[in-house]
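This structure is in structure tokens; I'll ask about it shortly.
The chains carry the letters A, B, C, D, E and F, assigned in the order they are written, with residues numbered from 1 in each.
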């Protein structure tokens, strides 16, 4: 039995709240169980220097955890004066994942900046971030279409992410913090709605893993992401509160 | 008529939600209208080096704004590698305000760290932070009493804060962002439940102000803080959701 | 009796030496008793980026303490790699105080940079800085008029600052370091020559203060600043050494 | 035909030179074609604070590129004052990969620090780093055994890494810079000598990839790493120059 | 004729004012013409970590320029967040120069920290700093003897410094800013009162220099330093104001 | 007998390998005995801001030591977030030395950036860096001539550097690490092929030194640099491997 008492292939309850804050062009609170991440998408009318004048857009992401989103308080990165390696890894992953599904040429010379800020952490903050950011970016891009700035939404398809791991010899889906700490292998999978992989990142925290274990984890992740895509679609069909 | 259509001495709707997140010993979401600040209080069993071995406690605060809590996105301080002067001013003010009502000797050699993170900004983030942090600290200290760590709660009385300003010649209470931008004078007042001042910070943004104007502003703030104290007490009497 | 043996409403001996160093457009050594601050005003023919092309000027300030201006040596901020929150608070205060009396439109697209460097500290360094910086800026702006760059001096009136506090129940003026350490309440007041407040910053270091105490402190500060304005005027009438 | 004219499953010429510099306990120059990385392993008799007193050892890694190891000069990270996100990602990967094959309990309370410095870059610097670092760490640990500090070498098995990618629809092994730039999908695989995965990091730079493509890439990588393990073993059997 | 109209071997007027500020154990304002440097020596009862427990003392130096000590304002290093290479070079030179004449074993486990802050710059700030710091350190060490902390002053002999250069083919002593800018070769010489060199730093700013020129510069510097030693001795014989 | 058993005026074996890496316009590995420095020269088609539009070129240098180039591992400067004072001193020295022999007007509006990275350290890294950088810059500038970018090589003459010191009363040439640690006086001399000094930096690490000792050291250095110039010329005449 896994620590969360869920069946091996069960996601935690997922809640996607659009319009959580007012100012951002897209603003989504996503909850994977007790993990809560506020994902905003901001649209700016300029691009970074290395892209200027090329008529193409850009999309980038930043990530942070509130100091007491975790069990014990972590030092505030702004006060320490630098972002940790883990933070940088995660925000680079979020950016790459969303760029994989947005047509940057169709976006034109503007930039979408995603901010994923973890209000409460219980494992899976990066996968929740990607899944929530996708909805926030969709809202922001729909806004550009609604205002007549763009003729069509440049997001080609949805993207979502989930973690999988091997707990006590058993492949399980969507690890919470307790499970994550107890797993030998931990894998984050990012996949599009048409079933293509954007990122596969498997890490042996303890014992290294076999090809068969890898295959089982990918199967589990694939099914989980399909379910998440459905939840994203359902959220996008609801009215914003 | 002030921009918000409120009467000069009216606060915005204030909402205080205790237990907003799980991990912190005290966790409060405070809303002053559209301003939303998550205030957590974390208790640690050690004190900063300069106090070690003296048997006294310490209380300090940190403050941050999520990048898209504002109308246009602000740079993330963690990414810029330093906190702005404004951030440092505000977090020092929050710390001083709470230290003024907590008996640090009675706290024993432990530290309370307040984190005030602005989820959405519409003026008055520092006064909302102080008002919300007071409730979060009270909850955290009550927890120490409940667990038998302390014989009594070392918070001597409640503290709250509000902004006042002169808009179009008229003293008004609790400025939202639009009003703040239109005021010549802006004052933040921090006061205890027994009506003593902890901080008075008045600044002439435009024309300097007279003693009579200062007096009117202090009257207005005093009444506003009494009202906030009532709301704090009511929140503390409710069960945590 | 207050520690300094001064009467409650007595300033320390104030000395204002114009032309203390050669290169700056304005250079003033101001002494409030043993507190010595070198205030320079530098005029530059450009403004920060956010103001460019608007035809308006800007005025900003920086503040520092020499490492051994204090009783025990403080770490050099340049060596530590950042300015403390206290330093930032003070330099922001100096800048706001002077901007309140200078017509930035009349200054044209140029910038005045004030540097206040504390050579010796004995309490009141921020109020001495503001009082001295006002004279340095006046000299710098008079220089622009003398060179025909400006038709008239854009400083509308003088500004000065003083600290007040409650020592042993007694409101006293212009605290030295020993008095400042012994006061429950400490207030810095910045006021123009026409008697308008620019900043009022009162802080309860120990017990919170009443409205009556606040009133007494403001009375004392008002008289002290009038006296400082007289000393500023006298200094400006003397020839530069 | 791939740009390098190699067959799809061909590694570049690999050269492993042990004892490349004198001071380090292990020092290896590894070449994957034109990619040259100097990998040193330093042994220190203390561990980071979070491990002190537990009798366990630690292994960590740092990575850097000489400014002109690349086609055009990159800014020196020491001069810029911070390490890029890419650098941090890579050095964290190297550390995890080697920790996966070293018994940290058997190492005792000492630390191995790996430094991977790229002298010349032509793609695959992270995989060359891991492969070379493994040999350097083995030498350093053998030194501890030779000096009687440890009874047996705590490295359980060899570890190596290689990149694979899909070039023009064809899965290819060990990408050089030109190929890496032209690939839609890029995967880095870290595997032990007994064929277990330590890390699998696949990224869609352009089009997302299918499960079948992923499988083909893993097959290719597995064969490549077996070949690299053989080259590591051969290098370890030679005398140090 | 050199720009300053001085004869080639003439120092600028040198003024050494002891007791310039109150708090430091040694405090000297030294003036080489228009160059003014405040040199303080602070004594602390601990040494840096690398010396702890060895019974030896340490002496180190820090250097800074006030932003408007120069013709045009320079950025404040504390605000920029780092000290320039030039600043670090100079403070290392000052430290080495003074350590050369102080018996660190006799000093016991305490540290002398020199702060040299340039109030006004007109060339030769590093040589004025060394010459003034020597007097400040002497005063601080005499204080330790007077208080019975040390049996004898651990400074073995005086040390002073001067710059020399080749102006228009002519070797000249003690360059002011205008001369320094016009010299091809610039040399700073640090020498003890018994005529031994502590540092010789010659730099060809324009054309490289011959051995004969080097010899002429050293002769000139030697005579200048003897004169400075006399001025140091005279200052030390006067009462502190 | 000096520790290295060399005669007092003997250089260590010097090896100059051109074309050590591929990407840089000039790339030289220089060895002074066990000291190994990789010197690259990169040519860029722009100059720093302060020179823009003047038609002149610039040459600058950066220096670094690989963490385990030394007997015990030193912290990586990129990880510490700043370059040490020693590093900055050395890179400024390398830059000045090379600028002294290159006609920056003839170079046109382009920049040469030298990177000197120490692979293995055994004393004399700064003198080896200058000597090797000279060859790398020559190669880079010859490349500009070969490509028709410049009509003639703007390097006026070769420059080289060597250290000298007084070991046990005896002046000795080209100190290795053991000798350097045992010398009272240490001098670095930079000289052109026509026998003119570019830099002379003598430092008394222990006892101060006399004029006679200084003269003996300069004689020794002069002969050593002549020998180094011969080795540079020989290296430049060989084909690049």
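In this text, contacts are C-beta pairs under 8 Å (C-beta built on N, C-alpha and C of every residue); 3 or more make two chains touch, one makes a residue touch a chain.
The shown structure was predicted, so the numbers you read here are calculated from the model rather than taken from an experiment.
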Least step count from subunit C to subunit F, where 1 means the two chains touch: 2
Labels of chains that are neighbours to subunit D and to subunit F: none
Third chains touching both subunit F and subunit E: none
Between the Cα centroids of subunit A and subunit E the separation in whole angstrom comes to 59
What whole-number Å value describes the gap between the mean CA coordinates of subunit B and subunit D? 51
Touching two or more other chains - residue numbers and ranges from subunit F: 81-82
Going by the touch rule set out above, what shape does the chain contact graph take here: line, ring, star, complete or other? ring
Please list every chain around the ring, with subunit D first and subunit F second. D, F, E, C, B, A
How about subunit B: which of its residues touch subunit A in the complex? 21-24, 27, 34, 36, 38, 40, 42, 44, 62, 64, 66-73, 76-79, 81-83, 87, 113, 115, 117, 119-121
Sites on subunit A touched by subunit D in the complex: 82, 85-86, 88-89, 91-92, 96, 100, 187, 191-192, 195-204, 207-211, 214, 218, 222
